[in-house]
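Heads up, there are several structures right after this.
Look at the two complexes coming up: chain A is in both, with chain B in one and chain C in the other.
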Partner chain A sequence: MSLEQLNAIKFEEIIYDNLESCLVIFSRKDCHVCKEVVPLLEELQPNYLGKFGFYYVDVEEDKNLYQRFSLKGVPQILFFKEGEYQAKLVGAVDEDKVIDKIDEVLES
Partner chain B sequence: MKREALTQKLLVLGVDGMDPKLSRKFMDEGIMPNLQKLLAKGSAREDLGHLGVLPTITPAAWTTLATGAYPGTHGITCFWRQSPHSLDAVVYNMDSRNCEAEQLWNVTADAGLKTLVWHWPGSAWPPTSDNPNLSVVDGTQPGSVNMGVAQLDWEKIIFASEEIKEIQYAPKLERPAGTGCMISDLSAITEEKEPTTDMMELWYGEAAMTGSEIREYIMGPENMEMVIESIPHYDVVNSPLKNAEGWVAAPADAKEFTILTSDGIVRRPTLILKNADGIYDRIAIYKNKKAESPIVVLEVGKMVSGIVDDINKEGVLKPACRTMKVLELSTDGTSVKMWISNALDIAQDKLWHPKELLKDIVENVGPVQPVSLVGGEDAYLVEKVYEPAWDSYSQWQAKALNHLIKTRDFQVVFTHLHNVDCAGHMFWHLAKNLERWSHCDAEVNQNFIRKFYIQTDKYIGEFLHLLDEGWTVLLLADHGLLVGEEFPPQIGEYGGMNVQVMQELGYTVMKQDENGKNLKEVDWEKTTAVQSRSNYIYINLKGRDAHGIVDPADKYELERRIMSDLYSYRYKGQRIIGLAMRNKDAVVLGTNGPQCGDIFFTVDEGFSRLHGDGLSTTDGAFDTTVTPIFIAAGTGIKENFTTTRTIRQVDIAPTIATLVGVRMPAQCEGAPIYQILDEEF
Partner chain C sequence: MGDLKYDLIIIGGGPAGLTAAIYGGRAKLRTLVINKGTVGGLVNTTREIVNYPGYAQISGPDLMKDFKKHADSFGVEFSRDEVVSVNFSQEDKIICTKKRKEYMAKAVIIACGSEPRLLNIPGEKRLQGSGVAYCATCDAEFFEGEDVVVVGSGDQAIEEGMYITKFARKVTVIVLHDEGVLDCNKVSAERAFQNEKMEFVWNSTLEEVLGESNVEGVKIKNLKTGRSSELACQGVFFFVGMIPSTHFLKESGIGMDSRGYIPANDLMKTDLEGVYAVGDNRVKYLRQVVSAAGDGATAAVAAERYIEELNAFNTSVLKNDKQVLLLFFNALNNESLEFSTLIEEANQELSEPYKVVKIDTATKKNLAQKYDVKIVPSVVVLDRGQEIKRLDYSMDKEKLKAQLR
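Presenting the complex of A and B:
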């Protein structure tokens, strides 16, 4: 199940208007590490339906979002809850790390 | 020893950079009534000044005021001290552990007097006495309380309009005056650039407290402080503006836009609201659209401080205090421009001793207010943001000090306010028509100087009631500030190693690239001397310095040659060096000893920058002087009295010691100002 792409407007709506608990991976098409991490998120996504959202931002298409979060390099997974940024995971990550972080965010 | 006190309560009202000539001028114009009252009740010289120490540099002078010792004796000879590892590196010096003279507040605390030292930028932090009578707040940088350790987010200008389609954020943009508030080319500004200076981070940051070493080469005008500080930097947010949608608490006809905080990661939806006449005249900032009540409501044109909101640092929320102002709001609600200050962590108590002082202030006066650092050549920002933000801070500080004085029985209080000096560094040099800033209006900037003195007068007014309650009040400064007559030569800048003049004279040799352009690396094999910090020249000496090449036997002759060349050097056809003397001879100026280089020199009148490079008697344009102010009034001081006595900066600590009846600080080199005291000595 592929991740829903967010542009700046959609990003505002999901994260800040709907206050959804979710993660957003900032990635780039030609990034090798992103190609490993994105499928991992796609696999995890069905386990959290209705509980925790999974999205992606293409940093080349939405430079201003990348800029706004002062990110340096991709991939980076940002976690949000109730309109507040919670944490991020940087670079190559394994499934357990993502699961732990989601649990942490949901329980906080 | 025991000495009878002439007063039971004494307040030192320190105002950094306060100039007696300008004070007299503005008093004569009738815009400083509180200063006039203080003067009428007390004693001063006719010129209202006192003889400041050399160098005319903030921590050096405040340390002298605290110890009664010359800089050569107390060892704080600039913002920076020389690194022991290399002549081109310096180490932050606003650290009491580097001070080699006893501070008067330790003496008063030991004598049983409850003593408060508030943001004193010269050898105050960390406290050097564990006597419970001593309380100390900050003092690690000259700016404002907690500026160095509690900043969680930077200043921002937010511009919202119907034309903007999606939210954009550009951090720390360099914004020369006249630049609009639209972010036009994000990719151009997102490139990683080498920072022009790493000084600010050390200055205001935590690295300063750890004794970090920096190398800063002043190689051209672009590295000079007055050029850097003229151009404001701030974050810019561009937000769409539309009819409010999806809100719990939005009235009909409300519009909305978005503010970003926390380096861009926190969003605060904001309503634009109409008044009863149907005109949009205020905004309300909310945590999110589901919130029932706003964090704050701001009317257009009215600055509000003490606004507490969470800042998100790596997912951790910290309450922080901000000041905000809606600068412009179109009456039809289609565009809005606002400023938000930096954000100060309201619970950051690491520079408060004892720590509970902060809680007391926050609960009874309000959280520590941030100041503004945006202005410079942008007159719009100076008028609408910078000056009012400092006014607000000054009033907060006056309330905080009065609260502590009233509730805690302090008997001796040392205080420092930085408003005038901070403004001086930002735009005093724009108050004369110099070619480099021909796009700025000198008269506009002269009036900004007036505004800062009016602000200071208001601050002084907050303490005059103490004169009726038996207090003695000393108004003083570390140095004055010049409106420079000329764009200064590149020698004597305090921020690091000054390359140009010494390179032209052949003493400093920089490595160069294939185009003959200076690299940021000294060629130590060819360098015989360097000019470092405000007034110091170091010989690159064998056996002493890491890369030394000059034989100690040749040092004396080399010093003679350097001094001769400095006097012969011409800038715009003029001699620019005032004095140059060997370290041993500089004892006549109080600038001898291990922290004062091998040669001490001054830049001559007419070519000095704001302060810090010339003699302490130097005058500038617009009736300015580097001489610092001194007025004393209240118990123990003669009323309405003028003295002809030369009051030296080293005389002030012993005068305070005499007034409050304690012994002299151990390394004190001054003498009490007997002439202004009620009692004969």
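Presenting the complex of A and C:
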């Protein structure tokens, strides 16, 4: 299942209006490390339906979003809960790291 | 677990692994490629390839899509998974993955390439993604109008450094060598020296990456004077060479050099029977796509022959209705040649109660090992694959016949 892509408006809505617990991967099309991490999130997503959201931001299409979080590279996975930024994972992460981080965010 | 048994398993899906897969699939071997990440390997990081025959210019990912499609057309199977451990001590080789699968293969080709070396200096890990980067294609754009430091002076460092100048205000390259000496090719060096945005710091290395939550600067150590200095910057790209991705093989007993590269002969054979090493992870002179592909082809053909011999042995020896005399000899040893003639004669004179299978220990080390044969000539008597006895060596035909009755 592919990840839902967010633009700036959708981003506001989901993170700050709906206060969803979720992760957002900042990625770009021609980045090979992103191409390794995105499928891994796609595989994990179904295990968290209704519990934890999985979203995607393309940094080329939505520059203002990565600038807002002053990101310096892709891929980066940002975690949110109750409208607040919680943590991030950078670079070539594996499944276990993502699962641990989700648990951490859900339990906090 | 029958569906996890393959003729040939290839670890790694870069150009070396994909070429081996094309040859394996075409030879009708049941072939599986296990690859972590995107199929295509390191080539996916290359924006432009201009030295692969037949393609004057193509992007790395596009070239790899063609390789993959070609392998698909021969029925090769793919699994996106990471091999975490192996057991190569038996004839059936066992491969365990991160997704907790256990595969078996008659032959294995190791094509896992290499990965960027880390300098392991303070701040490098902590600031990854916050200014520390390893891929210009991915991250150069984040440094629009900023100051960037590049560490290293090989082809990759200089070419990626020049790409970064498209975005950054200034790129400072930290070079180990004396002024004017770069490790990269001459064409790139000349271009770099002419690039107004490129600056060089000679005889130096990086000691530390500085910054709280983002990179704010670096500490540079001059190797001649021993003195350290600080340079403000917002980004650091590391291109300090590659290390082979062979760590998961450490326990397997396969031979490696001190840096982790696997030595292989001109058939790509390693020191383990039925195990081959191809591409960037083996000891070799040229690490490029075309040479990786060449390795893959050689190994797959060698593996095919090996599997053929293995199968032939299994049908002619292990499943034979007759009892089998496994005669271990050495073609360079006269005594063992004479002995082998004598055995054949004795068997004929008894109207062939046995099938005689001759094994040259110089080329079939694995069989000598399997039957624990240490001297030639030796004869092992098998009944449906089970050893029932060994003959005592003698050049007296009657004594031999007595043992065969």
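Structure notes:
Just so it is clear, the second predicted complex is superposed on the first by the 108 of 108 C-alpha atoms of A that agree within 3 Å, B and C clash if a C-alpha of one lies under 4 Å from a C-alpha of the other, contacts with A are read in each partner's own complex, and residues count from 1 in each chain.
As a working rule, contacts are C-beta pairs under 8 Å (C-beta built on N, C-alpha and C of every residue); 3 or more make two chains touch, one makes a residue touch a chain.
These numbers come from a predicted model, not from an experiment.
In the superposition on chain A, contact of A:V90 is made with chain C only, not with chain B. Of the two partner chains placed around the shared chain by superposition, chain B is the only one that A:I9 touches, whereas chain C remains out of contact. Of the two partner chains placed by the overlay, chain B and chain C both lie in contact with A:S70.
Judged by the touch definition given at the top, the superposed model places A:L106 against neither chain B nor chain C. Legend: residue contacts after superposition of the two complexes on their common chain; A:P39 is shown touching chain C, with no touch to chain B. In the superposition on chain A, contact is made by A:C31 with chain C only, not with chain B. Touched by chain B in one complex and by chain C in the other are residues 70, 88 of chain A.
Those residues of chain A whose C-beta lies close enough to touch chain B in the complex are 7-9, 12, 15-17, 19, 63-64, 67-70, 79, 82-88. Chain C makes touch with chain A in their complex at residues 36-38, 44-45, 61, 80, 98, 128-131, 133, 135, 137-139, 142-143, 214-215, 234-235. The residues of chain B lying in touch with chain A in their complex are 166-171, 186-187, 190, 246, 258, 260, 262-267, 269, 287-290, 310, 312, 314-315, 317. For chain A in complex with chain C, the touching residues are 28, 30-36, 39, 66, 70-74, 76, 88, 90-92, 94-95.
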